[in-house]
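Got a structure for you, written out below as structure tokens; questions coming shortly.
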Amino acid sequence: MKLTRRYRFSASHRLHAPSLSGDDNARIYGKCNNPFGHGHDYMLEVVVRGPLNAGTGLVVDLRGLDDLVRREVIDAFDHRNLNADVPAFGEVVPTSENLAVEAGRRLRSAWQKRFGDAPALEKIRIHETRRNIFELSL
Amino acid sequence: MKLTRRYRFSASHRLHAPSLSGDDNARIYGKCNNPFGHGHDYMLEVVVRGPLNAGTGLVVDLRGLDDLVRREVIDAFDHRNLNADVPAFGEVVPTSENLAVEAGRRLRSAWQKRFGDAPALEKIRIHETRRNIFELSL
Amino acid sequence: MKLTRRYRFSASHRLHAPSLSGDDNARIYGKCNNPFGHGHDYMLEVVVRGPLNAGTGLVVDLRGLDDLVRREVIDAFDHRNLNADVPAFGEVVPTSENLAVEAGRRLRSAWQKRFGDAPALEKIRIHETRRNIFELSL
Amino acid sequence: MKLTRRYRFSASHRLHAPSLSGDDNARIYGKCNNPFGHGHDYMLEVVVRGPLNAGTGLVVDLRGLDDLVRREVIDAFDHRNLNADVPAFGEVVPTSENLAVEAGRRLRSAWQKRFGDAPALEKIRIHETRRNIFELSL
Amino acid sequence: MKLTRRYRFSASHRLHAPSLSGDDNARIYGKCNNPFGHGHDYMLEVVVRGPLNAGTGLVVDLRGLDDLVRREVIDAFDHRNLNADVPAFGEVVPTSENLAVEAGRRLRSAWQKRFGDAPALEKIRIHETRRNIFELSL
Amino acid sequence: MKLTRRYRFSASHRLHAPSLSGDDNARIYGKCNNPFGHGHDYMLEVVVRGPLNAGTGLVVDLRGLDDLVRREVIDAFDHRNLNADVPAFGEVVPTSENLAVEAGRRLRSAWQKRFGDAPALEKIRIHETRRNIFELSL
């Protein structure tokens, strides 16, 4: 049994790779390279997989999952400027791909202590807009 | 080729495990343990997989699929109180996880007679709310 | 300037008018008359209208609005059985029309004390399902 | 006959009123007062009203409407930091209410020259998130 | 009290005004003038307004409304080619504006016989795509 | 890392298999067999899979992906009559299953030249309506 749980957060970012020239940045990122940034309403999907608890009929303690996801990811990203407020994006470009990598790193490192091996953290998805969805297996 | 077909049904339920104390029920299920129950508009997704019929260009007879899903699942759950109206939930807590298990059991037992081996019934998903999606491989 | 703010709640109900015969109830309400009830995920829209505060650029204090709506309506309806848990529906059939009337009555009676005349409470809408939307001017 | 046409844009902002103290800003705007800003995917709805052209069966030249809205509003707001990139928000707090006022001002001032009196520009709406919708009559 | 009820239908059409030249048709309707037509999934919203029936708590007999709307509009438009299958669009261009006019004409002419003066048929809306919504007061 | 990118197109079609009798066509395709056709607003999802470019933080050049998908699929299907405008559907019934097969064939044949082996084209999905989703692994 798998559960997909959805969370939302609003953040701003600017896409600009320090290793590239100004022209390359403008060409690669287009409007997303505008100097003062812009923003999105992101959706994070967390997919967990595990056996059913026969007594409760639940696959995961939802309150525990919410606590972990909020503490590790949502509080750090929501209503933030990703470039300025999240240390991991000091050098790394805050594309949605890297956002998924960073969210996955945070969830994985806290998962074992809270949930052990069941349920397992299977994958996450970041919906950047209605048209772009990024998925990372964990 | 896979087809995902979506169905909707509205039902009420109360989450209460007879094997647990009143305190544990309140702690585990929160507002879902309220004594008189509450309700949701559920979405059921049925995923079938099979080869294309070269003549018709179809992977499954949709009318046949609809008849089977309605007779086995939708008619039994829609506009019902799951605890009181569905025998399987006499002892079993009607969480969405158990709802998926029961819907899967009903579909599997009728599938072979109607469709044989092609198309195959691959998995089902229950969307409980916009935020919680349960998936069961069959 | 008008603001529409959306709230969600899940509830169960049974449509049955005590003044009508069993046959009439079955004919008028159809599946909604099933004896043990069923449920929905409702959306409540609250529409307020007022001038802009020149200093803050806001038409209403959102936190104040949320507090009032949650205390007066959401806490009373969410994860409840409307027939059994809401006194107003002891004799009155909990159709979405009457749900709107009751929600409007509750909001109106608390509004003046909290907001005075600005912003004004203009109307509310109850989305029962994706297909039925009820609107009441206040 | 009325037409509502929808446009989308992504932008970042910080809510901070220069006339208020730091404490008041934090209290009034909450997380929206975070120093480095955050962002949203906004939806703008433009409502026009007019008679049907009997020959074409159209109420407005859609291409002309799109050109005007993009040039006056979308190009100025999309993928921008509203505080830093839009002169009108140098002193004025870029709440969605003020965003609607500024968008309305821009559309009105260009409307007469392009469309004259028919169709008329009736109102606009800004959907800030799925929960907050602001409407301004023009 | 107002009720908005939603219906869906799928249809194809070609926009081509016989009174205009080929160049004008191509310029005005763009891709919608392609000779063999194209299609949409339309949504029709019917808005009715009336007093609450104190006994039933309903503003309109939904089954009666559905019967009327399906017989007068949905059956005539759904899974049809509007130009070829609907006589009203023999000479008239099947824009969504004219679709609203024709649907309104059909509903109005059948309304009085079925519902009399209460509830009243207030307006209809045609959602052509996610971006274009047409509204006609009746 | 996987990216799902969404595209929309509007098209009309008629489902009629030349190898079957008129009665069989009517029985199998129902209203979709109506002689003058009907239409839908389709959504195409393209799923690509590949490693992250460490410098840019991107899994695929979105502009390149959009150019390829538009040139190979969207321009050919959008605002078209699939039976009359797309040569592949001269003999083949334009069901959504066959639409997926044809879109997949077009994307695969252009993919290698533009993207080589990374990212890989993993699968596509056609959303025919809100209820039917077809998926083809590539």
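Lettered A, B, C, D, E and F in written order, each chain numbered from 1.
Here is the rule we go by: contacts are C-beta pairs under 8 Å (C-beta built on N, C-alpha and C of every residue); 3 or more make two chains touch, one makes a residue touch a chain.
Treat the numbers as computed from the prediction; the structure is a model and nothing was measured.
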{"item": "Same-site or different-site touching of chain D by its copy chain E, using the half cut", "value": "different"}
{"item": "Relative to chain C, chain with the most remote C-alpha centre", "value": "F"}
{"item": "Separation of mean Cα positions, chain F and chain D [Å, integer]", "value": "35"}
{"item": "Euclidean distance of C-alpha centroids - chain A vs chain D, Å", "value": "29"}
{"item": "Euclidean distance of C-alpha centroids - chain A vs chain E, Å", "value": "43"}
{"item": "Full enumeration of touching chain pairs", "value": "A-B, A-D, A-F, B-C, B-F, C-D, C-E, D-E, E-F"}
{"item": "Touching residues on chain E, where the partner in the complex is chain C", "value": "1-7, 52, 55-59, 61-63"}
{"item": "Complex interface listing, chain E residues touching chain F", "value": "10-13, 31-32, 34, 36-41, 78-81, 83-85, 129"}
{"item": "Residues of chain D that touch chain C when the two form their complex", "value": "15, 17, 19-20, 28, 30, 92-95, 97-98, 100-101, 130-136"}
